[in-house]
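In the two complexes below, chain A is the common chain; its partner is chain B in one and chain C in the other.
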Partner chain A sequence: MNTPGNLKYSKTHEWVKTEGGLTEIGITDFAQDALGDLVFVNLPEAGDTLSVGEAFADVESVKAVSDIYSPVSGTVAEVNDSLLDSPESINSDPYGAWFIRASDVTATEDLMDAEAYEAFCEEEAAKE
Partner chain B sequence: MEKKTPLYEEHVALGGKIVPFAGYLLPVQYGTGVIAEHMAVRTACGMFDVSHMGEVLFEGADALKNLNHLLTNRFDNMAEGQARYSVMCNEKGGCVDDLIVYKENETRYLVVVNAANKDKDVNWMQAHVSGDCHVTDVSDQYVQIALQGPKAEEIVKTLDGNGPLPEKYYHAVMDSAVGGIKAIVSKTGYTGEDGYEFYVDAADGVKLWRMLLTAGKDFGLIPCGLGARDTLRLEAAMPLYGHEMDDEISPLETGLSFAVKMDKEDFIGKAALEERGTPKVKRVGLKVTGRGIIREHATLTKDGKEVGHSTSGTHCPYLNTPLAMALIDADIAAAGGSLTADVRGRAVEAEIVPLPFYRKRN
Partner chain C sequence: MKTVFEWGAPGRRCTILPALDVEEQLPEAPLRDAAPRLPEMSETEVSRHYTELAGQVFGVNNGFYPLGSCTMKYNPSVNEEMARLPGFTGVHPLQEDETVQGCLSVLRTAEEYLCEVTGMDAVTFQPAAGAHGEFTGLLLIKSYHTERGDLKRTKMIVPDSAHGTNPATATMCGYDVVNLASGADGLVDLEALRAAVGEDTAGLMLTNPNTCGLFEKDILEITKIIHEAGGLVYYDGANLNGIIGVARPGDMGFDCVHMNLHKTFSTPHGGGGPGSGPVGCKEFLAKYLPGHRVTGDTGALRRERAEQCLGDMRAFDGNFLVVVRALTYLLMLGKEGLPEISKNAVLNANYMMSQLKDVYPMAFDDNVYHEFVITMEQSVKRGGVSAMDIAKTLLDHGMHPPTMYFPLIVHEALMVEPTETESKETLDEVIRVMKEIHEEAQRDPESIKASPKKAPIGRPDEVTAARNPIIRYRFGEETN
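After this line comes the complex of A and B, so read on.
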């Protein structure tokens, strides 16, 4: 499992990168592997409101549809529309395939660093 | 507690993601993923452990008579080694299960049923047979391996120690061998592709599995899980019990009239099917024209009026498009019509298209 040290992670397997006043959000390597081949993505629109713990997008594998939860409250500033045409890039490059960039972030859930997240994933895997 | 098939350790060693399914622990996919597995079956070869399927033996002088009474198809004109698809109806004309009957000889037939329905089926069969007919669940005696895809035949023919192989679809050789292992070799499958299903002694399962994996390596064979089994059967528009049929849905509604012989003397469910008359619902194919994937249980509307629901649906890898099957009002079921599906509160447009979605090239 690949877990870059410069990112923060949520318990629902989103990664967060804060840069230049924007908060970039995607899903982790652990998440993409658990979901399997992704074939479809639903994304929000710029200007939509984000709330901590609420779904802002969904991804579909051949097997199932899964919600993607926002680790922040704020506003959608940018949307990575290229995922609509190539959802498989989330599988091949989960940390490059960002979903949205958020602005005006007013709240952020408690996030883990890479080390804590890896330990968390190990626990999750052991529960199965 | 779920059972393991005799091939369980093979799946784990091959990196299978194990899930519980119909009382068994089976791989939903291996490391290559559902799409690669699906494509392997369409373009080369895929191998599936389908040992969870149930095998039920009908033996006795009245075996044939009982099959004709229990099942909707007819079995009196079968050659030895022939396989025939059928539905087993309840008294209301709904489906207890769908299954395949193999004729071994005049007094011995092997019936292959869905794993999830096995106990229900055996109870139903035993409760409804009469005369000289013994119904025995022999599922645990067999490992069943499905080898599917355009390269399946070539791969099998590289093995030494084969018995005769069936030539035609839905034919089997009941006392054959493959790679020196005693086997029922059946030219059947659940993928819409050419290929075989092998029934071997449970103790020989691992040996055959490894032999085929090795023999197929140069032909692009990969092991495939339940995920690809489902996307393949959906792309080929094959119905699945619990989706396109159940205890309420009739075989005529779900498009299986070819396996229902209404001119047969009598069978369980015949009177109810006659009374239900011309089906008011029909199984159709849907191609998503909007954005999204229509899965099972989506409500379908036309001009704001509810007309039915989807029964299965996913993104189909070979045709590379989201497809679904649905049961809808027969009046509006003509191909070319458009419907709207409610997908998690979002309206997704779809077009009614002819079935099957996919048909193999000959």
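After this line comes the complex of A and C, so read on.
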């Protein structure tokens, strides 16, 4: 499992990168592996409001549709529309395939660093 | 096999039409630029094409079909006999009520019996299938809150074991879905439910027995919690086969229900059915029912709009001939026969489960109702065979696979619903085959992973099919 050290992670398996005033959000390697090959993505629109813990996008594999939850409250500034045509890039490059960039972030849930997230995933895997 | 476009030849026909003997008068505007590219075939070719297609279909008439939560029971042929009576097939829904008294009597009698079975007070037959019924049921709930001016109720609670159609239906109705996590026992967690309800609760959607095959033993408390919060409770009838004739949603506190005639009431299912998803409700919701209600006395029955009818969900009176089949089934079984459905469905599921649980890990080690859920998660973690591999191997044994990868709360799930129409001999044969597959999976997992070997199609590439679907014939074009 690939868990870059420069990112922060949520319990619902999103990664967060803050850079140049914007907060980039995607899903982790653990998440894409658990979901399997993705075939469809639903994305929000620029200007949409984000709330901590609420779904802002969903992804579809051949097995199921899963919600993607926002780790921040704020506004959608940019959307990675290229995912719509190539959902497979989330599988092949989960940390390059960002979903959205958020601005005006007013709240962020408690996020984990890479080490804590890896431990969290191991715990999750053992529980099941 | 060839597609229909690969048969025939230009100009070939099934029949010879007489020459046109009236003046051709077609307005220019709607005319196509080019003629549609339709298949041109002789009757012989049409017949052979469809016979070949039929040979590739697998239905419950071919063999064991344990598709969990789908209740693929045998459809008695007497249903077909009744549905083909000319008095039913030769009528038009726009005929005057006086001329279709028999048909109206069918609707009225079926309504009465389905009310008795579910503990409801009124039924509409308009919904064409289960999800359509869900939508209708939630519109009844929405009409109730709206009429009371209770507009703050924007949330619909749906357990995470529910059918995917439940959250989809709630969203279609404009509700925000509150996903309720199940307890470790696969049942609704009462504390989580209490924490989820509030002044914004419009209702709860629940199926009982649930998709894990388990009876929600706290159902009276569950419906009480929702009612005390001011919400209503919707019963998803997907699993009615597990309790029919023995317990009734109406007695459990549900306010409205849908039934799948194509599951529980033995009408054709799959391949276009057509389905039928009548919705029943308690008296206080009946005034919103869509379509027409049959009222009046025998011999003078008439179709009437309900007082505050929410509109039409579908044209006319729904899939009427499906109702004829379901009523036939009810009349053939009668009050005495009805409980035999659920009792034998439950017995068959528990028998299979008890015979298989030593070799296949069960998701919930408890007595079940009409279906049980196997989990292949540990096998997959060890690098062994998956639920998909088992399902594909069953094809080689002439059986339809169980439902796979559902419910979502069980990983690597195989959800088995044998139904009451299978004999002990059939179940024993399935048990033998499944044990044999298990043994082979231990000895030679690669062989199982390479299944099916005898089916017309091996393992379709589902990912490519979903990412790059080709949904029409390409007439020699590049298919990239």
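As a convention for this text, the second predicted complex is superposed on the first by the 128 of 128 C-alpha atoms of A that agree within 3 Å, B and C clash if a C-alpha of one lies under 4 Å from a C-alpha of the other, contacts with A are read in each partner's own complex, and residues count from 1 in each chain.
The rule is simple: a contact is a pair of C-beta atoms (placed from the backbone, for glycine too) under 8 Å apart; a residue touches a chain by one contact, two chains touch by 3 or more.
Keep in mind the model is a prediction, meaning the values are calculated, not measured.
Trainee: Please indicate which partner A:N42 is in contact with in the superposed arrangement: first for chain B, second for chain C, both, or neither.
Mentor: first
Trainee: After lining up the shared chain so the two structures overlap, which partner does A:V62 touch, if you call chain B first and chain C second: first, second, both or neither?
Mentor: Touch status of A:V62: both partners.
Trainee: On chain A, what residues does chain B touch that chain C touches as well?
Mentor: Comparing the two interfaces on chain A, one with chain B and one with chain C, the shared residues are 37, 39-40, 60, 62-63, 65.
Trainee: For chain A, which residues are in contact with chain B within the complex?
Mentor: Residues 36-37, 39-40, 42, 58, 60-63, 65.
Trainee: Provide the residue numbers of chain A that touch chain C in the complex, in ascending order.
Mentor: Interface residues on chain A, with respect to chain C: 37, 39-40, 60, 62-65, 87-88, 128.
Trainee: Chain A touches which residues of chain B in the complex?
Mentor: 28-29, 33-35, 38, 227, 231, 291-293, 295, 314-315, 317, 322, 344, 346
Trainee: Going by the contact rule at the top, pick out the chain C residues touching chain A in the complex.
Mentor: Residues in contact with chain A: 164, 377, 405, 408, 411, 462-463, 466-467.
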